[in-house]
Amino acid sequence: MFHYTLRRLMFAVPTLFVISFIIFALLDLAPNDPTGNLPLTIPPEVREQIRMSLGLGEPFHIRYLKWLQQFFVAEPLNFIQQAFGIEIGNSAERVRIRSWATRSPVVDLIVERLPQTLWVVGMSYVVGILIALPVGIISAYRQYSWFDQIGTFVSMVGFSVPTFFTGVVLIVVFSVYLGWFPSIYDTTHRVTDWNSFWIQVRQMVLPVMVLALYNAAQLSRFVRASMLDNLNQDYVRTARAKGMKEKVVLLVHVLRNSLIPVVTVIALGIPTIFSGAIITEQIFRVNGLGQLLIIAIQGADIPLVQTLTFIFAVLIILCNLIADILYGILDPRIRYD
Amino acid sequence: MRKTSKINNIVRGNAMKKLTIFLTGTAAAIAMTAGAAQAERGSDGHLNILYWQAVSILNPFLSGGTKDVEGSSLIIEPLAKFNEKGEMVPALVDEIPTVENGGVAEDLRSITWVISEGLMWSDGTPVTAEDVKFTAEYCMAEDGGCQQVANFTDVESVEAVDERTVKVNFSVAKPYPYGPFVGAQSPIIQKAQFENCVGARAPECTEANFGPIGTGPFVVTRFAANDVIELEANPNYRDAAKPAFATVTLKGGGDAASAARAVLETGEFDYAWNLQVEPEILAQMEAAGRGELISSFGTSVERINLNMTDPSPDKGADRSTVEAGPHPFLSDPAVRRALSISLDRELIVEAGYGETGRPTCNILPAPEAYASTNVDWCLTQDIEEANRLLDEAGWMPGGDGIREKDGVRLSILYQTSTNSVRQATQALVKDMWQQIGVETELRNIDAAVFFGGDPASPDTFQKFFADVEMYTNNFDGTDPEKYMAEWICADAPKPQNGWLGANIPRFCSEEYDALVKKMGETAPLEERQALAIQMNDILTNEGAHIPLVHRGDVSARAMTLNGVLMNSWDSELWNAADWTRAE
Amino acid sequence: MTDQVSMAPEKVIPPAPGSPVAAEPRKQRTLTADVWRQFRQHKGGVIGAIVFLTIIFLVVFGPSIHGVDPSALNVRERNAGVSWAHPMGTDNLGRDTFAQILAGGRTSLAVGVTAMLLSLLLGTAIGVLAGYFRKLEGPLMRLTDLFLALPLLPLLLVIIMLFRDTLRRSFGPETGIFLLIVFVIGITSWMQTARIVRGAVLSVKEQEFVLAAKSIGTRERRIISRHILPNVLSPIMVSATLGIATAIITESALSFLGLGFPSDYPTWGRLLFDGVNFMQINPSRVIWPGLAISLTVLSVNYIGDGIRDALDPRIRGR
């Protein structure tokens, strides 16, 4: 397993380079433009000057190499410098990756957004898992029972109704008619005491509900399917035949085996926490990483999109690796080497 | 509710005299009415403003986006602003320079501004002529990518005559010398703060770009790009009694409909900007009674451009250029006219714009003295007349009801940017054109691509690889000279100029070119107005485009927020210092 | 049929799943007939099939029964409620909602099912190949990583920019866009299926019956199709069900961005999206398209359950 991990990690480096190059080429090819959202009163010649000042006049490979240098040398050095308070080289001359729309270092923007994304999207993922596991298990164990039918119905509706719809429904019901929860997430809110914690909880309820419903719907289907597969296996019958308690059969034998593919699905979903939930973040104005990405894409803010998507790529590859390793550990039948 | 604006008197000559008197009068009046109501600075607590397009940066020289310009207008100010009627009002000066008061040179080649006495930056240092001079240098620096540099066109130099006097010299005679330092697009920044941020170094000054020191009513306490700005009252604001609000939150993100909901239905916010949503949705939200919609009209016109050149893909590199030859059917004046009069503009307004739109046949609908009334023939829908025109021109219905002549079918590819109101308008127009035997294929393109101008993309509005396309355009301030010059032959987009021309319909008329040239040499106001009207009439009569709707701006304010004066000529937040909380 | 699990088959040692010796020669029965017989006993599956067929019937023949042109405008009658002329009311331009749902269903179902099949095909093929052949695993899984990492929106913009005009010229605007959308959704949504299928294959291929099949010299193609595939069917079925919903919704997102069908071309996702802001004025604008999508997804889900159970040799053939 260790050997396998090492090999995978070694493979990851060239893969990431290829990915970064393809993303960069894709963004370069894409037809949107950083001056696209400016008012039409700004004349075309000025737009051309703006493009030149952003460095768009340079050839493609130069811009790519510059980004590589900034991402792999300048930003890490800067990070070390900030973390340990030591001066390495001439930091004033070091060019950081700057977003075109805000002109501020991309990394600072990302760090600024992490808290709200983790709070809302991360929490909804956890809530989603906590709902999906019991629902999926009971649904499979009592297949075609009332519970299963309702669970299936709710999760299918939850999955097939998009978040742009559920979000607005929840706002209309809970913010407009009932007035229980705010419809807009206040990113300036700081939790200092119980009272402010309560406010934080209230403003998180609606977005977390929307996302958790969606996540739980998807995940519970996988849990149920995987449980059903295992419930029909011979070892279950053997265990029952040995006179084991049903609880032990279910929660120790079946569940453990069933969770193997589920763990993969969960691990694979972790990068999506960081890439945020674009639509839900927009609806509730959570303004996390998802909103940062979509605004950057719409405004053709290439340095920001490139950096964000590359970070997501790293996360995706890491999580896939983790999922595979977990898979190997949990399921002794799987042999990678 | 036609506005009785007197926006037009901002040019030289005898009109100047009227202007000066008028300006000082209104400015004082506004100050009086707004000032009387409030007690002291910061007494009204907290103000919540919602811009659904989040502010990215507070330096409008580095981002010309409307949201960024308006956000920064709370903090930094120009020498003079436009009020809600489009009149220039002094901000950092005591009076607007004119030829009469000697502020504008007789030869129109310089303008001299005198900064008010005792004016201070929010950090307590005095505002000097050096700051103004520096602002011009900052924007005109090489490699700075200043997005407002068009305001400094023809500026030769800016000199600081003394502590408070600054003189702008132009290289040519400027009948309208109020480009630099007027309006939210051209504010004054502090030299001390931005001194090391000139030219290529401009983007590196994140701290200054996110928290400029200004003269406006508020100062930044925290700025999160594309998310939220927190501000507090400027302790050194020039009026000791203002602003009434102690703190402000300017939140961004989301969409227009939910922004309207946050003010009108849930009451979480006090002010929401730019709510272009279907009128019935807004009306239903407004009925909740927590807030009200406010609107005003500027110079925006939603128009359908007709492509005068052949956009057929067969033309290869010449596609949609003059070299490709005239358009197979839009080059026929009868077709262009029929397309225009077959439209029921009232209906389009009713379905998509409500109170915030008016049917128009003018490409130059405001200021009022510039607005033509000669082309109102297109205001009434006349399907019969349209059919008659087409019959007469030899376009006869084919087997499927679509008109054709010599094998050319009246089949139109109609593109616009993605926006639910635009798509509704597209559907209505398609239906109306169907009634005169014209077939329409609709296409909508993401705004960032459509308006992006990327020369590699086939979908930009400049390339115009379609038969007709719809969007809104307007001009800043109140002088239309630059705007009307967009339709000269030489300015047609083509590969040779990187598709950068402004003459999107590829309209070309010697008569029109001559008028444009004449306007550039004409100074008296009445003559300029007459010229502009004449040009507007040519464009509509010749059918360079089909003007549809004179669009207003619409925002929402909470019932508890007083003092808002909706403004289409400057930032909507232009008088935020006067806003107060109602009891 | 409440508790299938406890009624597990009473055979002593079940033969290799799906292996030809499974069925005792009681009567001459084909596998298809067997599966069909079992499927008919699956209540959920049958109801799902009926609902799904009804939906298909409605969207295919509905427009000729409810003869209203879905794109006919009547601004004077906009935002109307339920009436005989408009059984589901009208939208903000006076278009008949029922006619739009019927017309939109054709597009949505066609896009949803085709795109789902394409993505399923790609995902299963890549997943099985990567899981079964160790040599292919590295490259294929890195390809999956690459597709997972690509930013979707710029990718779509590029694809549309490169291919739209070519397709429009060769297939006409509607078929051209249809192909493009199916292609775009298909190639951007197969990754999760591939990952999950690969995981399942990895664990199945080490089981005894596969080893047994190998040892008796079964060809690899046959091992995959007869032994591996039937055993990884349940995650595939889940992916298929979820895939239809995703495809229908993604299509709406595409048209909203101006990358999909023209704006006057109704689809369920688009109707729902356009209706959201009108929810308080005219609830029927969101209820019906939402219901249509949910019913489709639900019915496909139950059909999937039925097929999976029917194909499971431990349940079938009792």
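Letters A, B and C name the chains as they come in the text, with residue numbers starting at 1 for each one.
Everything below uses one rule, namely that a contact is a pair of C-beta atoms (placed from the backbone, for glycine too) under 8 Å apart; a residue touches a chain by one contact, two chains touch by 3 or more.
Remember, it's a predicted structure, so these values are computed and weren't measured experimentally.
Visitor: Which of the two pairs, A-B or B-C, is linked by more C-beta contacts?
Guide: Counting C-beta pairs in contact, A-B comes out ahead.
Visitor: Return the chain label for which the distance between chain Cα mean and whole-protein Cα mean is smallest.
Guide: So the chain sitting closest to the middle is A.
Visitor: From the C-alpha centre of chain A to that of chain C, how far is it in Å?
Guide: So the centroids are 24 Å from each other.
Visitor: For chain A and chain B, what's the span in angstrom between their mean Cα positions?
Guide: 38
Visitor: Can you give the whole-Å distance between the Cα centres of chain B and chain C?
Guide: 47
Visitor: Hey, what residues on chain B touch two or more of the other chains?
Guide: Within chain B, the residues that touch at least two other chains are 446, 449-450, 457-459.
Visitor: Tell me, which residues of chain A touch at least two other chains?
Guide: Answer for chain A, listing residues that touch two or more other chains: 29, 31-32, 168.
Visitor: Quick check on chain C: which residues sit in contact with 2+ other chains?
Guide: Only 157, 161, 277, 280 qualify.
Visitor: Inside the complex, what are the residues of chain C that reach chain A?
Guide: 1-5, 8, 13-14, 43-44, 138, 141-142, 144-146, 148-151, 153-155, 157-158, 161, 192, 195-196, 199-200, 202-203, 206-207, 234-235, 237-238, 241-242, 245, 248-249, 252, 269, 272-273, 276-277, 279-280, 286, 290, 293-294, 296-298, 301-302, 312, 314-315
Visitor: Which residues of chain A touch chain C once you look at their complex with the stated criterion?
Guide: 11, 15, 18-19, 22-23, 26-27, 29-32, 141-145, 149, 152-153, 156-157, 159-162, 164-165, 168-169, 172, 218, 221-222, 225-226, 228-229, 231-232, 234, 237, 260-261, 264-265, 268, 271, 293-294, 297, 305, 309-310, 312-313, 316-317, 320, 323, 327, 331, 333-335
Visitor: Quick one: which bits of chain C touch chain B in the complex? Just the residue numbers, please.
Guide: 71-73, 75, 78-79, 92-93, 95, 157, 161, 165, 169, 173, 256-259, 262-264, 274, 277-278, 280-281
Visitor: For chain A, which residues count as touching chain B in their complex?
Guide: It comes out as residues 29, 31-50, 52-54, 98-99, 101-105, 108-109, 112-113, 168, 171, 175-176, 179, 182-184, 186-188, 281-285, 287, 291-292, 295, 298-300.
Visitor: Spell out the residues on chain B that touch chain C in their complex, using ranges where they run on.
Guide: Listed in rising order, the residues are 257, 277-278, 280-281, 284, 313, 347, 350-351, 417-418, 420, 423-424, 426-428, 430-431, 441-446, 449-450, 457-459.
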